[in-house]
């Protein structure tokens, strides 16, 4: 049903309840697919809302919010990157506004965006650029499955069966 | 010492040095800000000038960074609301609403009708103060000193009105999860009813004094083109996007609260220049007044109180989950994303500031213009630096 | 010999009087401007020092004098401190040939108008020096703006003055004034309305006043050429600005509004000159607190594309009519 | 011809807008001032009554010098900035005789009625430097013993003064109310601030 992302290898596409989460589509992607997905979304007239990261036990979950002007259909792209090497390709080549969001994410979580033309501290001072204030301590860090609701929602999407199967696998690996 | 610091003995800080690396011959590198009079606080823009033409520009942020998102992770859910009043001093109620709306979404709280209407009234009044502040300051940037005083004359009346139900005049934090902090009194409604016709009479004066002024029009027309494609690439919203001809307003596009009940227009301009954004904001003031009038009419028949019964305590524990809620602020789409792990404090609060995205388009829009135009473009984006730096 | 001594004495008295007059003018007009601005913006303006704040400019002057004199690093100290003096001194000279009354003329020179136009260009030099020597990029931009602005606006100013002198055949301000004696209909504003308008606009350009205050454009260049000046360095620029305003308005009233002549016969006197000058000054203040600032290219466009052709046309038309 | 109109005629016509601008500022120049001329005039009390200054205690209707506060600590726990410090009152120290009597009674197996600690707080310290005036304490006070003060003229000249002893302030206010009419300006230097 999410036509915009056709042709992009997604790990999971899920429909979410707009009334409770504000998202219509939740899409899990491998880091390598982000640029392609962003390109597709750009063609489908989506505009970028924000990029940020969540700190989970499994790694950093980088979230991209996209929405369209005429149809309210918020898509959230979720990219899970490992803690030891948090690298995501930058989409600043497609959505120039992403440059700052990516820099902000680097400041707060230390996720590196490869290909960002200007990946230097944006909000944090250069002296404490490697402080990463939003990285959680082990005590309070939770795992994705305990916080984000995905499983039930996936079952609602009956659109693309291959993606559905992949989503299961993706879920399993994350858990 | 961080990797981002340059050990060489050079003039200027890290950002200047980095910017200087790409300097062309015969150009001048100039630091506009952080104490420049027209950067509205502490924005700093490093510009490369060829004569007075801007060759390159790079905003440097962070001088007003307070790490609200980290504060969100250490405060209780209810205790974070005062922070929302401080994110954007121009239109704090939109932020209040975005945050409370996100938490209400998480907890599944239905806000009473009366509270929703009161929220609408106050947020729209606050939008008027925000636009008046912008209007005065923008004309001040363009060199006219008097209009800001006239704007503040009217804004002062609005602050007197808003002071009654909020007990504050600038950094409002009167929204609560499930409703509002206080109810309005009759006197307040009376004052609003008196204010609207007064302000309607003032608007033509604003138009004659400023909007129609030959000098002003020549200053802002065809300056700083931010067209639809650029808006999409940079994620610009609000008057910037509407000034580019897209009738996108969160109040219409994803109607929240009771906005679907009101009859109002979304003013747009197709010129995509500073003048377009200017005219959109001026036209929006009239629309806000229309909404307020309608809301006041609905108020007496509205159900419920100013806050939901059994309103959650500040130390509430919303159920596990995530929620994204956005509202239309004075500067564009204000979004708040919260994740709850079921404890007293949020797991993550992400604030999506419209000014942040709008400002990121500045460098592209200002390239090739005169430095005076750069000031005019900067002002037309309606920047509130605390919101951008958060 | 005695005539020479007499002349010298008159000159010294006139110079001292001009100095006092300049000082008083600066004080009065700083106060008046702030009061005007206040009332336009519906606030009282200065109010606390003296009755209705009348002593405020005096206190401000004292405060300025009490401030530390700072020379920025790597600034050219000689030029840097020469600039405000160079800005201030010619103003004193400019007051000499202006006829404030039938006897109230410092020095009635034949080429009074030329003297004024020549010495008023000093201000451009002073601003250039100030901006250049202060080793500040804002100052530099302000200086560059100021030079092209004053140079540009001097041309239409000269052309309209020339048109007036075509009619009078003299450059002596006293004689020009006397030619407008009689009644209001004799004032040159009726014979040269276009010239008057051009002079009025060019006046703003010459004196760096809003909406043409590009050289110090606060919201663009922070303070332009005087960004780095503290204490009386700034104070001198400030006084010079008001001095130039008074001079320009005086010249305007001499050229077009009949100088010290009243609107009907028999009431001539210095008070008319004062009244006309002050009316023009109030107009300048009124304009400043109403309009936004023009952009730099627009400023020059107004000059080169409007004022200059119009002034030339005006000059040719005057010449043609006189010839016929 | 069209370009002529656009570049020559139109700008001249548009110059009218400049005259209009002058007319407007000229009109306002002649109108009376609207700013409040502070030391000579003050803002009307109607407006001031809705001003939300720092937090203060409300006294009991019958005994205005004692707060309604029941030392439940709701304000302290809910304050996002942690600017309130409330110390509960302790029970009055029993005298030696009383203690002996209780001991005897306890040994005899009787139930002892020890005097309870009074509900009123012993100390109510408020650090205004930290307060963000959100009003959370006011909403969450079950006894409705807190409110925003509306003394807009309050000033502090040091950090220490910003730490306000609200109990002392309330006492001062109660004393002031009972005292004969006073000038409004004296309110600015209410005794509470001085004590703090």
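Order of writing sets the labels: A, B, C and D. Residues in every chain begin at 1.
We adopt the following convention: contacts are C-beta pairs under 8 Å (C-beta built on N, C-alpha and C of every residue); 3 or more make two chains touch, one makes a residue touch a chain.
All of these numbers come straight from a predicted model, not from anything done at the bench.
Enquirer: Looking at every pair of chains, which has the largest contact count?
Expert: Contact tally peaks for the chain pair A-B.
Enquirer: Using Cα averages as centroids, what's the distance between chain A and chain D in whole Å?
Expert: 45
Enquirer: Measuring centre to centre with CA averages, how many angstrom lie between chain C and chain D?
Expert: 54
Enquirer: Where the centres are mean C-alpha positions, what is the separation of chain B from chain D, in Å?
Expert: That pair's centroid distance is 29 Å.
Enquirer: Which chain C residues sit where two or more other chains touch them?
Expert: Within chain C, the residues that touch at least two other chains are 40-43, 289-291.
Enquirer: Two-or-more-chain contact residues of chain D, please, as numbers and ranges.
Expert: 18, 21, 24-25, 28, 34, in rising order.
Enquirer: Listing for chain B: what residues touch at least two other chains?
Expert: 146, 150, 153, 209-210, 213, 215
Enquirer: All pairs of touching chains?
Expert: Contact pairs between chains: A-B, B-C, B-D, C-D.
Enquirer: Using the touch definition up top, name the residues of chain A that touch chain B in the complex.
Expert: Residue positions touching the partner: 19-23, 42, 45-50, 52, 54-55, 63, 65, 69-70, 72, 74, 76, 94-97, 99-101, 108, 118, 120-130, 133-134, 136, 140, 142, 146-149.
Enquirer: Would you mind writing out the residues of chain C in touch with chain D in their complex?
Expert: 36, 38-44, 47, 286-287, 289-291
Enquirer: Chain C touches which residues of chain B in the complex?
Expert: Residues of chain B touching chain C: 28, 30, 36-38, 49, 52, 139-146, 149-150, 153, 209-210, 213, 215-216, 218-219, 370-373, 375.
Enquirer: Applying the document's contact rule, which stretches of chain B touch chain D when the two form their complex?
Expert: Spelled out, the residues of chain B in touch with chain D are 75-76, 78-82, 85-86, 146, 150, 153, 160, 163-164, 166-168, 171, 173-174, 176, 181-182, 205, 208-210, 212-215, 217, 313-315.
Enquirer: How about chain C: which of its residues touch chain B in the complex?
Expert: 37, 40-43, 137-138, 140-141, 145, 210-211, 213, 217-222, 288-298
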